[in-house]
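Following are the structures in question.
You will see two complexes here that share chain A, one where it goes with chain B and one where it goes with chain C.
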Partner chain A sequence: MIQRERNNDREPEQTQQPTAPAMPSQSLNNTREAAERFLAAGDDAINRALSANSEDFLAANRQAGGQ
Partner chain B sequence: MAKQLFGLETEYAFTALDAQGQSVDREATVDQLMHLARSTLPHLPDMHSSGMFLQNGSRFYVDAGPHPEFCTPECTTPWDAVRYVLAGEKILARLAVELEYRNYKISEALFFKCNVDYTKRHTTWGCHESYLHHVDPALLPGQILPHLVSRIIYTGAGGCSSGSQGLEFTLSPRVNQLVTVVSNDSTHNRGIFHTKNESLSGRYYNRMHILCGESLGSQLAIWLKIGVTALVVAMVEAGLRPGESVQLGAPLEAMRLFARDAECKAEAQGKDGQPLTAIAIQRHYLDLAVAHVHDSFMPAWAAEVCREWGRVLDLLEAGSPALETMLDWQIKLALFKDRIVRRGLNWETVAQWTQLLGALTAAPRGKTADDDTDLLSELVAVRKSRIGDQVKKLAPSIKARGLRTVDLTRFLTLRQELFEIDTRYGQLGARGIFATLDRAGVLNHHVSGVDDIYTAVTSAPSTSRARLRGEWISRLAGKPGRSACDWQILWDDTKRQALDLTEPFEYQERWVSLPRNENGKFDPFEELIPRLRQAT
Partner chain C sequence: MLPKLCGADIELGNFTVGKGSGRSTGGEASRALLREIDGLPRRTGYYATGYSAYQYKTAGYDYEYGGYGYNPQDWGRKWLTNGSCVYIDLDHLELCLPEVISAYDHVAAWHAMLRIARRAQTAANGKLPAGQKYQVLINNSDGQDHSYGSHLDFLITRKAWDAIFQRKLHPLLFLAAFQASSIVYTGQGKVGAENGRPPVSFQLTQRADFMETLVSAETTFCRPVVNSRDETLCGRAAIADSASKNMARLHVIFFDNTLCHVASLLKVGVMQIILSMIEAECVGRDLLLDDPLLATILWSRDPTLQARSRMLSGAQLTAVELQLLFLESARKFVANGGCDGFVPRAGEILDLWEDTLVKLKARDFTALAPRLDWVLKLRTLVRAMQQRAALTWDSPEIKHLDHLYSSLDLSDGLYWAYEKADLVERIVSHEQIEHLTQEPPDDTRAYTRAMLLRKAGPEKVDDVDWDMIRLSEMDSGSRWPVNRTVDLADPLAFTRAETEKLFREDASLSEILDALEIPDCDKAIVQSAGHQTKYLN
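Then we have the complex of A and B:
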């Protein structure tokens, strides 16, 4: 469990590198690819995070309110 | 350049689950959590509660619910505000891991930086902001309300509308918890503007306490929320009346309208009848801030905030997809849309089911409506009830819309799944959805200069009284005696002296010894603060 937290403690990986100005079509392709990468990563993150039964999870997590 | 002072209080949902995924006694677990915090974190006890002040100047305690709450120390830049929010999260995430390690019954100890509980309509967790100011508090609502109503286009956490029987996206889930424009209540009759004015400083100061904000993951969104609002407060302090020409006819309705509009094009009616979009209101404040950006009443970082503020408004106006990796509500909307498609539905079908279920809710029901009862669960479970009869009655309508009754279960499953996604988005630790996306390097939310979070875990900001508080907590933590702390005072029981922190920008130590009262005794915790405030 401690190891898991250490993983979380890593600094976010820097993936953005400075690049030369892109041509419009190239820029569009880059945007599309970035969006696809983001959604694929999102799907993966969600699948890792979700419980087997969302309704049961939400019920277990049900609590009294804050402010 | 003027100095601004602000801070954030974040309420966290907290759950401990056993190996079967069942909730472990929450009250007992929260008690254990606080015991763990007391035994592992250098601190001084809070004078007024069972909580504590930590060596980075922050406050950690348990509020009603019970839920853990973390207050940042007093910050003077938006960079520090973000840094100390993140430092608080690191502290909590470590406590969660430690709790799992020490209690064999707990399989997972989970903190959620979420805003609403989807199983209980009126349950919400706040992320409050405090801004120090010198203005007559009665002047504030008129000048600040249009800002609070419209800023949700970049400060909204995003999520589902907890008031909907179907699935409706909202830029700001907390908007559903607001029932009035101005209020002094923080738990029931919540207003957009909260009139609480407990300065926690000397008598010449006031504190604006904002409770309509939300917990966020995006550094950019937190940074803008604090930075922009602080600039608006600075302009009000300078007598500029920045909200005067963008007054809204019905602020609460306008906020609900803006929260529903993911295109940011909806127009609310101004008091003078003019149509106002959220972007137009924000541009009005921005233009005024830019015009005064180098004035002496503005903080040194005003230009940087204005630049980013303008850039984000430009992107919002252009409907740029770049925001899908920058702002929380945009990130969630993109994830939700993708999930809907992966589940074989589409946004239009979801809207149709939502409309249909809304109609069903409005129909007479077999028993008294209960806010905490989830009608949709009943729909699945109670096939033969009068609600079931209503479904039958609606069958032609379902067919006419091109929907299939068999898709109802799929829709309901998706609904619960999106609720969990929203909750898990802000889960602290490695498995949180936002944290996972961040580690994957697909988000673009970082603010340059928000760094050195590990130092912020143990050291206070150097530009406010928090520095003195933090230093003396480090020295006195663990020593015998009744040393304790408050926002305005630190009692050193070893010397029987109090460190006066009523001046929020204090940088020199001012120790005070108090004479004993007529009984020959005094309670430092009850008597010091009124005396010091009177003297300030």
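Then we have the complex of A and C:
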């Protein structure tokens, strides 16, 4: 089921936006539309959040260390 | 083997927005939240004096918040009649879930506790001046080098506990390798690095930066991948027939808080299966990592899921590849009946685990966004940056969004926006969650604890812990209270099926205690109950 691969050690790659694997164009379009619909649902919440002062929020958010 | 009963003790981020004082507001925020949660107060400190709770009440001490006793890691603990408790741990509101056996019940109980906390937040905010707000974040770090835990607790056999921590190395490494690679579905995601670790734009987990060693008993510093705190919460081990004799509690401090139902279910359910395998000594030595701590750090910093870590065998695997190997081994174990009677719905958990790993291997993030927090958060942040060219990973606005993903408040929590739009996968229904805000789980001692608290009420509840309740009634023939201690040592006993018939409406508390065969203690002040209370979770 799983084929192990042996590669040399390497450092973690820089953060990249995850990308979907290649797929047929129709399927790709459908997936893009679904993703767009999904992400659009969060737009209002993003807009509301970014209407506040982010620096003030981050300054207030200093917590005590916990467990 | 034992059923893989699960509890959780989870700290929240809490502070006040709009005060502008520049000082930490965690303490006042957590106290304001706790004040709004109904529960039976629990005292700290009076054991040292030999005075009973009754005398404390009559003496007029501040009984609600623990009399004179003060423990910064266990302040103001209240027990709720849904089997849970809440308290303040180092300025964080801590939610302790009632014991459950099913991972599905864990998800419902977790979201039920969040609803209780949200109702407290709403009530507390209603008392603040305009422009101020108590903010609650369901996360594990503040972005300023402070972390707080989302701990899970699993019932395992004493033999398994000893094997992991005292006798063998490979069960410990098996557990560590599993946990390290599980971050691909248990992480909430975080912008940036903390705790002196090298800069990074985004990582899978919030806790990886704070993992500093493989194993230790610590929880506030030098945090380990595998925590060795040995605290059973199953009665007195010194009693020969105590349930705790063969029981232990594995205290897991590794994981992030998760909001997605699927992530939360897999975090507990797969762990239950893995622990069953350890108990059965079904531990594949080909699944051990050379350095689980380094692998955790490496994999957390790679949202592309391509980073490889070295196995003891010399192989180099991605986290998903290692998880697939664990899955393959677990499939065989479950197929041979290894989880029968110990992990409810193990087959369903396996199927969901496999489907999630297959999607992770294909990097099908569109399909994964409705079920994994780190994927949903990453997609949200990337979209925000795509729509606003000025924003980068270093922008305060992006860190702000990172925090607000997990805001408890429905009006600004990004997760809840997706849930409200019915775009995240649900494992449990609204009704199941709401039920557990009021009622205890049926199949653990949480049921009897909750029912006894209801029956006794605040005037008769002298002390409560996970494995005992001491009740106090005034004896009509003397000045002294009669104390009776209910021993709830066995977390798998005292279920609804066992004790529901006792709690009929017309039954007195004494009749119920008699039926539970609780002996009278004595009619004097309980100088030493013999019960060693356990405050730390």
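Note that the second predicted complex is superposed on the first by the 38 of 67 C-alpha atoms of A that agree within 3 Å, B and C clash if a C-alpha of one lies under 4 Å from a C-alpha of the other, contacts with A are read in each partner's own complex, and residues count from 1 in each chain.
Following the convention adopted for this analysis, contacts are C-beta pairs under 8 Å (C-beta built on N, C-alpha and C of every residue); 3 or more make two chains touch, one makes a residue touch a chain.
What you are looking at is a predicted structure, and each value in this text was computed from that prediction instead of being measured.
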Query = Looking at the overlay, what does A:31 touch: chain B (first), chain C (second), both, or neither?
reply = both
| said: With both complexes superposed on chain A, which partner does A:51 reach: first (chain B), second (chain C), both or neither? | reply: first
Is A:39 contacted by the first partner chain B, the second partner chain C, both or neither? both
### Query
Between chain B (first) and chain C (second), which, if any, makes contact with A:61: first, second, both or neither?
both
Chain A positions within both the chain B interface and the chain C interface are 1-2, 4-5, 7-10, 12-16, 31, 34-35, 38-39, 41-46, 48-50, 52, 54-67
Interface with chain C, chain A side, in the complex: residues 1-2, 4-10, 12-21, 31, 34-35, 38-39, 41-46, 48-50, 52, 54-67
The answer for chain C against chain A in the complex is residues 11, 13-20, 22, 24-27, 73, 89-92, 135, 137, 142-144, 146-149, 151, 200-203, 219-220, 253, 298-299, 301-308, 310, 314-317, 321, 324-325, 328, 362-366, 369-370, 375, 378-380, 382-384, 387-388, 393, 395-397, 399-401, 403-404, 411-414, 417-418, 421, 423, 537
The residues of chain B that touch chain A in their complex are 11, 13-15, 17, 21-23, 26, 63-67, 69, 90, 93-94, 97, 100-101, 110, 112, 117-120, 122-126, 128, 186-187, 211, 321-322, 324-325, 334-335, 338-339, 342, 377, 413, 416-417, 419-421, 423-424, 427, 429-433, 435-444, 446
In the complex, the residues of chain A that touch chain B are 1-2, 4-5, 7-10, 12-16, 31, 34-35, 37-39, 41-46, 48-52, 54-67
